[in-house]
Amino acid sequence: MTQPQGLSKGLKIAVIGGGSSYTPEIVEGFIRKYESLPIRELWLVDIEEGKHKLDIVGALAQRMVDRSGLPIEVHLTTDRRRAIEGADFVSTQMRVGLLEARKWDEHIPNQHGVIGQETTGPGGMMKALRTIPVLLDICRDIEELSPKAWLLNFTNPAGMVTEAILRHSKVRSIGLCNAPIGLQKWLTGKYGVPPERLYTEFVGLNHLHWVTRIEADGEDKLPELLDRREEYSGKNVPATEWDADFLRSLGGLPSYYLKYFYMTDAMLAEQLESLKTNGTRAEVVKKVEDELFELYKDPNLQEKPKQLEKRGGAYYSEAAVNLMDSLHNDKRDIQTLNVANGNTLDFLPPDASIEVNCVVTGQGPLPLPVTKVPEQAKGLIHAVKTYERLTIAAAISGDRDLALQAMAHHPLVPSVSVAKTLLGEMLEKNRRYLPAFFK
Amino acid sequence: MTQPQGLSKGLKIAVIGGGSSYTPEIVEGFIRKYESLPIRELWLVDIEEGKHKLDIVGALAQRMVDRSGLPIEVHLTTDRRRAIEGADFVSTQMRVGLLEARKWDEHIPNQHGVIGQETTGPGGMMKALRTIPVLLDICRDIEELSPKAWLLNFTNPAGMVTEAILRHSKVRSIGLCNAPIGLQKWLTGKYGVPPERLYTEFVGLNHLHWVTRIEADGEDKLPELLDRREEYSGKNVPATEWDADFLRSLGGLPSYYLKYFYMTDAMLAEQLESLKTNGTRAEVVKKVEDELFELYKDPNLQEKPKQLEKRGGAYYSEAAVNLMDSLHNDKRDIQTLNVANGNTLDFLPPDASIEVNCVVTGQGPLPLPVTKVPEQAKGLIHAVKTYERLTIAAAISGDRDLALQAMAHHPLVPSVSVAKTLLGEMLEKNRRYLPAFFK
Amino acid sequence: MTQPQGLSKGLKIAVIGGGSSYTPEIVEGFIRKYESLPIRELWLVDIEEGKHKLDIVGALAQRMVDRSGLPIEVHLTTDRRRAIEGADFVSTQMRVGLLEARKWDEHIPNQHGVIGQETTGPGGMMKALRTIPVLLDICRDIEELSPKAWLLNFTNPAGMVTEAILRHSKVRSIGLCNAPIGLQKWLTGKYGVPPERLYTEFVGLNHLHWVTRIEADGEDKLPELLDRREEYSGKNVPATEWDADFLRSLGGLPSYYLKYFYMTDAMLAEQLESLKTNGTRAEVVKKVEDELFELYKDPNLQEKPKQLEKRGGAYYSEAAVNLMDSLHNDKRDIQTLNVANGNTLDFLPPDASIEVNCVVTGQGPLPLPVTKVPEQAKGLIHAVKTYERLTIAAAISGDRDLALQAMAHHPLVPSVSVAKTLLGEMLEKNRRYLPAFFK
Amino acid sequence: MTQPQGLSKGLKIAVIGGGSSYTPEIVEGFIRKYESLPIRELWLVDIEEGKHKLDIVGALAQRMVDRSGLPIEVHLTTDRRRAIEGADFVSTQMRVGLLEARKWDEHIPNQHGVIGQETTGPGGMMKALRTIPVLLDICRDIEELSPKAWLLNFTNPAGMVTEAILRHSKVRSIGLCNAPIGLQKWLTGKYGVPPERLYTEFVGLNHLHWVTRIEADGEDKLPELLDRREEYSGKNVPATEWDADFLRSLGGLPSYYLKYFYMTDAMLAEQLESLKTNGTRAEVVKKVEDELFELYKDPNLQEKPKQLEKRGGAYYSEAAVNLMDSLHNDKRDIQTLNVANGNTLDFLPPDASIEVNCVVTGQGPLPLPVTKVPEQAKGLIHAVKTYERLTIAAAISGDRDLALQAMAHHPLVPSVSVAKTLLGEMLEKNRRYLPAFFK
């Protein structure tokens, strides 16, 4: 309980990118957890350009709260500083450049025979370049207006964004992803045990982890999970089968994002095929979103519509609300988060962000030691972290040479010359969002 | 839940040194925790020499269980192997050489102007030399007869004994001390908060720790604790006042055992004075013990007598039973334990034992990272750990040169020549318990 | 001077793979250095299959020694143990599977659109699988017959072979490559300074290094070298131009072997083109070798023929003889060698082999700290080292799963499925040389 | 050759504390080494208070140079900035507070039963508090007026002073002590080998090292040196015999300064005895110095007088001149120096100063890895380093709490209360030299 005023008067929460189609998810979460997480003010903030969506989703949020009968005030604003001032928690779920920018993140690499994806590969790099300066700007506001607030960052690429904040601001920040909680939900379903009887150990980075221990009721389930076809995957990554021999000897259950690295050829083929039929994933999502906002407009809708689940990002709200709960109430439970490495992985710098099990105390998360690191994971983790750190340096400086080094050292970019071509085209397409590169 | 048979049939527990006057404490603990820690068989083991005491305290244990009405079988035996076979938990609370040996551990150093104490200084070293070979012998039995058992070691010097086991056997072992739980109890009383609203962070070794964070209900209490006279101390260490300037700038609340290092002159004076009036601490304890056993003999006594609290070792039972509970039920709560360092303190080897907060899972404790290490603590921690590792090496090899190196490098031993004198006299006095040194 | 008998009676040297076309190089080196490296016995050893070549090159070696008038005995043998017994230095320059195996190392990957090269990529992996067991077998002999001998390993892939020996034998071994000395020679020529006025700092692995400091007469030459087109390259790697922007910001002058990673597309195109016109590099080398042996047969030839220089491997002899000289005479000069990492690169295990500047003392090389490690190099170094360690484990165990993990984690192998195909075909083609994989 | 102008025009050297009685030593060294270290300007600087001595010793220096016939200009000045401007090397050999302050450094601890010594113990701490601010002030001048100069620091306590400079200035600095070269000279004499046939490996801190390898002509001499009575000792430390059993199993030949830690009782007794008969060591030295200056005044004296050797500090000049020579000429030879730890000792911070073998290049010294660290040395090294870092922090801040922490954590100070007494008296006595503590 680090904000004692919170106890008496209730908490203030600011959601940056509050006009997102995801917002009803988190509002539902806040309503459910009200008893342990008593929110007094919920501020949904968005930029001028997103005001229209903010109004629609904000009205739905207000109807949801009304129906719950809870004394939560919903505020809609484009004045970020008012929202942040005195907040206990700030959560970010924004998308700089909107889905239009994502389209090019996916499209341009594909045109050059490279994986096009919004977090992994050149697309993720562009997203980082657009997002990091904006997030650091938000951090300047938090440092000034609510220095004790926790910043919960869901904005992708969450690993790089979190590391940029950890290294370049004083804000207390934690990166969150729904992939770990998603796997745990799938496992609790599969083995019929409650989450507290399940133990999973994650090793790696955001969207680049291996699960090296899986125990249900104390029994080791990893061997059978590595031995079977059946698998967990997110909605946004196509299900392609792992090679059985490879999986069995990999030493950990790989994140489905690792398919971009281990099955690059098949994933690329799938992307090119899908591009022909449905356009980029960004375009597919755009359609889903448009439909969602049509639903949200319905003045009779007072709850999160079922269709939101198709959107991906399942459990996103649950992860965020659980984390706030544990921070607020010093619950000391174990959650998988993106935090500073410290001494956890001895081959990465202490200030690198990693995705790892943490005990969440009132003073923040403490990373648990990893008991097993598959030898084979180390090189790839370090190669991606190298690219990530170069990208962060480029995002902050606007230095094109650094950006070229980052792009060329991404394991999915096949050569310096391809890196140079991609970088040229992608920077140009993102010109509007990258003022530092076009001074 | 690593012993699923435990669930259905109840647990088997072996207490080595079961004839100890402490036994009623732990029996009481087992009775109280029965619901979450369902014990079927409790084996109290002792050596032939201690059979008389075992019979007395064992009869009391039986009466206590009888009164509880619980289906726990109490077994008394001098056959250690039968007790260990198939055990889920083995706990050790023995004293090789009994209080007679302790007397000399305290007396001989005093005669040469050196701190005489049973865990710190030359006395602790002798205790380690006597105890480590016996404990490793027990480990050989556990490796053979109950390889999945957890060995909970309370036997002092708990840090060295635990490290010897961790490095020289395959037994899953954890070292336990009542000092951390004692401080926490004192703090919960002082601040009127339940333990789960208190956060304390321990840094250091067994009987050599600094508490670097103390938060009650999220509020930092360390500055006021470092600023005041009022202090927590164990019954077995005389209360001597800390220098206010020194304490304020020390960066952590020191264990009361640190007085032997920081107030050597005053502590030695107190020992010499006390020696004159009461004899050694061993002799004082002997008297208390004799009285306790008189009480235990009373066939109408069916519960732990109040007088046991005078004995010291408060909360010892609670610490042990809590740890078994968390291991058995994968509780994932935070306890302060003696475990392998891993990457926790970056200046000590990974296999050094340290005393640190751990999350206790069903697969064992995971040490939490320390968030603050006072610069000034590092040298002393490393100096004592150096002595400890030399002592362990000496205990295993029976090498007198190593023993001299250990003794001479203990920070409380003022010179090589004093070390040599002490070592000569003390080895000779312990001849019966140190066969390896007298081959 | 670790072999004082060496001083009085002269040294014994065993060259494993003595029938190599390179042998006249090293014989010339021994003759030139005789004064500081007084060799009494030179044993050229080869396998039965290579006896014909051994006889030819051995006769030339004898003629060279005769002309020098030095009291060096030349012994030709297929009895490896006699050659090793009592040796002061053992040097290895063998090729398990001969050029025929190399041809497939280069050809099969090319057929699947992957770089085909004898040390980098899948080809290098196969060479490691063939070579490591043979080298470790030689080490068993050295452990028994000349335990104080230094094993100088030139056998490629020198980094992996050296690491395998360091980790799996007690032999004192050092890995050597002619690339560092080659660059230094080129620089001394370019800047007109003697080697002792040149300072170069190497960071990385064998065939995967960056030169991060280049000073001639105390002046920093790195910026101009990174800014220019002109470059140093080995004969065996095609000269392809670096991208100027990339090179300028890379933070170190890259080994020409790094082109396989940074210009994969261009290098592959060149290989496929060259394959069409000249066949594999193995076939080109075969032709050069045949011509050399024709020359060696000439009974009037008493010196190393000029044509040997076309063969590649320039300065190989100089590097070997310099190293022996420094070891024998405790010269304490700086040489670039493949040795155990120790604490040099803090992100690699202490027992990983790295290529680094060392001070060569009579007790062996001591690696110098690296003063600058380019951030961008770390990921690639770790990725390749990960593959290398998996390969070593596979070579020793003959475990196909480990081999698949190694192949799939090589940065130049684009996916698990390509890895599996390559592995299948290449293991089959090497069946004769990989008994452990075909048990 | 980092100062190419130096080559053509000759070097400029500034000796801070040039009025010291040691100056003729270094002048002699410069004359002898002139060929490889061509000095054009030698600036002897001192403070106003030392002008009288500077004039005397400066005149002798001029006569020595005149006799040599070399074109070296000798400048005497109290204007430090003029001396530093454009210097290639700055050397410091000053004594803040003169021998008067040293007297109290030795006397006050003795009065309280504690070792009184000018570098080890409370005396060394006071010397550090007086000296570090002055040295850092000199560094400010060097940063401004000769940023590429090398600062060679002989000023004791050399380890702490060097670390303070490394951490708190940008000056390129190296700490030097005559103890390592002294031991090497003794060994070359004893074994009749030239220095380049001797290999010694030093592990530890300044005045706190263990020599863990000693090889003469490749032969291991350490066992016999640890087994014998005969020993090397400096003139300033009384020769007291090591315990034979202890020495044999210590794992390294200890510096004679380690007697203060290992034979504290005997050394203290000797100090108290000697105090009675001769006064403090400071007073003895004062007498020797007065005699020396009488000699120096003789206008016919044109060389270093024999009597200077009695002064202690043997080989001081040789060490300094050798180091300048290697830096200037990029000699890459091995010297034992005080430099930043880097990764050398893995239990100390990278920026801690250690005393270790280095290869001296034109860009500075590179520490060589230590091949053996005696287990028993680690604790004492870390304990003393802890005290040293606290002392440096106190010297810079003038914080009395930090000073108390430093004093209380020195292994030779028996308790906090003694620390407090000593600190109070010693700060008071040094009031004039410690403005930061008396603000």
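Per-chain residue numbering starts at 1, and chain names A, B, C and D are given in the order in which the chains are listed.
Throughout what follows, contacts are C-beta pairs under 8 Å (C-beta built on N, C-alpha and C of every residue); 3 or more make two chains touch, one makes a residue touch a chain.
These figures come from a predicted structure and were not determined experimentally.
Participant: Both subunit C and subunit D are touched by which chains?
Facilitator: none
Participant: Based on mean C-alpha positions, I'd like to know which chain lies farthest from subunit D.
Facilitator: So the chain farthest away from subunit D turns out to be A.
Participant: Averaging over Cα atoms per chain, report the distance between subunit A and subunit C in Å.
Facilitator: 46
Participant: From the mean C-alpha coordinate of subunit B to that of subunit C, what's the distance rounded to whole Å?
Facilitator: So the centroids are 56 Å from each other.
Participant: Hunt down the residues of subunit C that sit against at least two other chains at once, touch-wise.
Facilitator: There are none in subunit C.
Participant: So that we know how the chains sit together, what is the shape of their touch graph: line, ring, star, complete or other?
Facilitator: ring
Participant: Considering every pair of chains, which are in touch?
Facilitator: In this structure, the chains touch in these pairs: A-B, A-C, B-D, C-D.
Participant: With touch defined as at the start, can you tell me which subunit C residues reach subunit A in the complex?
Facilitator: Per the touch definition, subunit C meets subunit A at residues 242-243, 245-246, 248-250, 262-266, 347-348, 375-376, 378-380, 382-387, 389-390, 400-402, 404-405, 408-409, 411, 414-420.
Participant: Touching residues of subunit B toward subunit A in the complex: what are they?
Facilitator: So the residues of subunit B in touch with subunit A come to 1-2, 4, 196-197, 199, 213, 215, 217-219, 330, 332-334, 342-344, 346, 359, 361-363, 366-369, 371.
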